[in-house]
């Protein structure tokens, strides 16, 4: 089976800083991949390249075999790559329901219609399951600014999922969330993604989260992937311990 | 050669009063984030007040040269009377709201002051020509100029210099720069931002009125001045970069020269040459020639 | 549903126009014409852009109609309004590439500059009437030439009301549609919209073109009502009025736009009749009062630095992190 995501020798530098060095990885359909590494190690650059925000200096990004290298975020998302953001990027003056409707509308054919009502039945039919999967139903008409941080994260991810992507990139899904809320949040997210075939790459700093929710872990350092494997193995890796987790022995 | 000199000198003179007025507008925007459409009215009120003052002064027997002080006094009077009133009395009510709303408020003020001026001074023109001839004539490049016009140039240079000195070398100036740079941080560091606001706004009013007062001897002071002035100073401020003093200086020169060239070469273009220049600059540098933060470097 | 409301509104207006005095009907036509321009501006503002130069299209439409009438021997109102809209649209197509990349105050000042250039050019172009402008005769309506000025007034009113009803219904449909919602979203977070597959540039251009078309149509109607065109149509104060109308009406209710516009015409007319030397002041005071005391009209339109709306939040009211 072809990998849903394949990157070949991605290289990107910003002036003197090399943010991505010969990054070649694969992700399979439905896989749960954790990306770890210190700040500046290259995780976010990697995600930005894959999602089209940055063009790599060298290398390719293949989605299900198709070359999407260098395409704009808009086109990349239409190809089936969605991402969420470390600070949730929401439409602040609209309700969560409207946020999702827009995401749905854009993801379905004929989405930009000036004629079809925003609350058309077809869209509403898709809205309900989405709201309940992500636990957003109680908040559907609330003011975004008053939503708890975890709920905003969930909304951000729910919006990314409307496009039925093949690949979902989560940028630090539990950052900014209270420690006691992290596991419940990840439980909801993973449950919501369960019966979809989407491959999930999530950037995380919390090793407990990584250990519990990732099938496979990629460790970044200095723009390079220094370890790739099951969480237990990666976390025991000497280089990883030296450069990422700082755990001795 | 004479032709170029004429255009250049006329442009310089035009640029002088334009700078004095526009720099006030740009400072107010830089510090308070207000694009004051009523700025032109303040110029007009300065001109009318000066004309009235001059008219009164020269019926007496005081030394003629003191007439210039009357002009300055007029500008000061307008600033003190209207500055704090406008800022504290009305504008501050809208600080928490959208920028566009503030522009509309100043637009409403423009309408009100326009008629208020007409009601107070009437529709007929005022003249304040006495100070104009006091300094005699000067001959430059074989052309005759009234020396007063170069007083204007000197005043502009003085204003620019004092502003530079004031902003960079005095404590108050540093406070103002801090507020321009980051309002929230300034507040957090204990700067009395409210006081800075009133001060800067009043100073802006003073500059507008000063421009009007010192131009009054050259022109006939009549209704409609405010519209021309606001259009020109707005163009200067946008071309120069909102909030930039250097920008205002350069843009005033640019606009002054453009207008002068138009008047001498193609008079029918006078009305829109300025906007052509503005559109041209904005098309390539939408933030103007200098960005707001350039203010720190003078 | 919208269609029924629009038809009902049109019939109500037709009846009102028949019963009310001629001067009021005339003011309504001018008000509605300007309301169309303001509606276009609201469309732009929903997408996050404020134009201080809609007078450019208003003027373009007026001059297109006026010149077609004077030199093109076209007398039919529908043709004239259509030509006004088309000319404005073509003009917008030409300048859209220049403007589409800009936002905020830069977009606003660029549009202002363009409208003032038009004003300056028209003022000095004597072939087009110069600063005096051109007078227009009364138009005909699908072959019908009103025999007297009262009938002409009413006919123009009916014509204008019909246009307004149709446009209002279409706009309502758009506002309630996906693309209408998308404009609001893009105003909030353009980048997220892009990541979801939208094209901000395309939405901006489309909004800009429609606003221009409406501006041109409004300008043509105003020209026909006033029987006169002059460069003032492009002056910055005219553009400022459209912005004021858009703010006053807000983006929620379309009927409010036309109501506000009619109100403004009434205030202007009343003031200039009874306070001829201070009607500008009266207008300014009216503006200030509205801005100060009418938050519902101003409410949702200007959201950028607003405090969040107070809505009752049920149960788990956890404080945001």
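Quick notes on this structure:
When the chains are written out, they are named A, B and C in that same order, and each has its own residue count from 1.
Keep in mind that, in the parts below, a residue touches a chain if its C-beta (ideal position, glycine included) is under 8 Å from a C-beta of that chain, and two chains touch if they have at least 3 such contacts.
As the structure is a prediction and not an experimental result, all values here were calculated from the model.
When every chain is reduced to the mean of its CA atoms, the largest separation from subunit B belongs to A. Closest chain to the protein centre (all Cα atoms averaged), using per-chain Cα means: C. Averaging Cα coordinates per chain places subunit A and subunit C 43 Å apart.
Our note on geometry: subunit B versus subunit C, Cα centroid distance of 33 Å, whole angstroms. Chain centres here are Cα means. That of subunit A falls 53 Å from that of subunit B. Multi-chain contact residues of subunit B, defined as those touching 2 or more other chains: none present. In subunit C, the residues that touch at least two other chains are 303. Under the contact definition stated at the top, not a single residue of subunit A touches 2 or more other chains.
Residues 51, 72-74, 77-78, 82-83, 85, 89-94, 98-99, 101-103, 105-107, 111-120, 123, 138, 141-149, 152, 159, 162-163, 176-178 of subunit A touch subunit C in their complex.
By the touch criterion given at the top, residues 50, 98, 102, 105-106, 108-110, 113-114, 116-117, 119-121, 123-124, 236, 240, 243-244, 247, 277-281, 283-285, 287-288, 291-292, 298, 302-307 of subunit C touch subunit B in their complex. By the touch rule above, subunit C contacts subunit A in their complex via residues 173-174, 176-182, 184-185, 187-189, 191-199, 300, 303, 308-309, 311, 313-321. Those residues of subunit B that touch subunit C in the shared complex are 35, 90, 93-94, 96-101, 104-105, 107-112, 114-116, 118-119, 231, 235, 238, 242, 268-269, 271-273, 275-276, 278-279, 282-283, 286-287.
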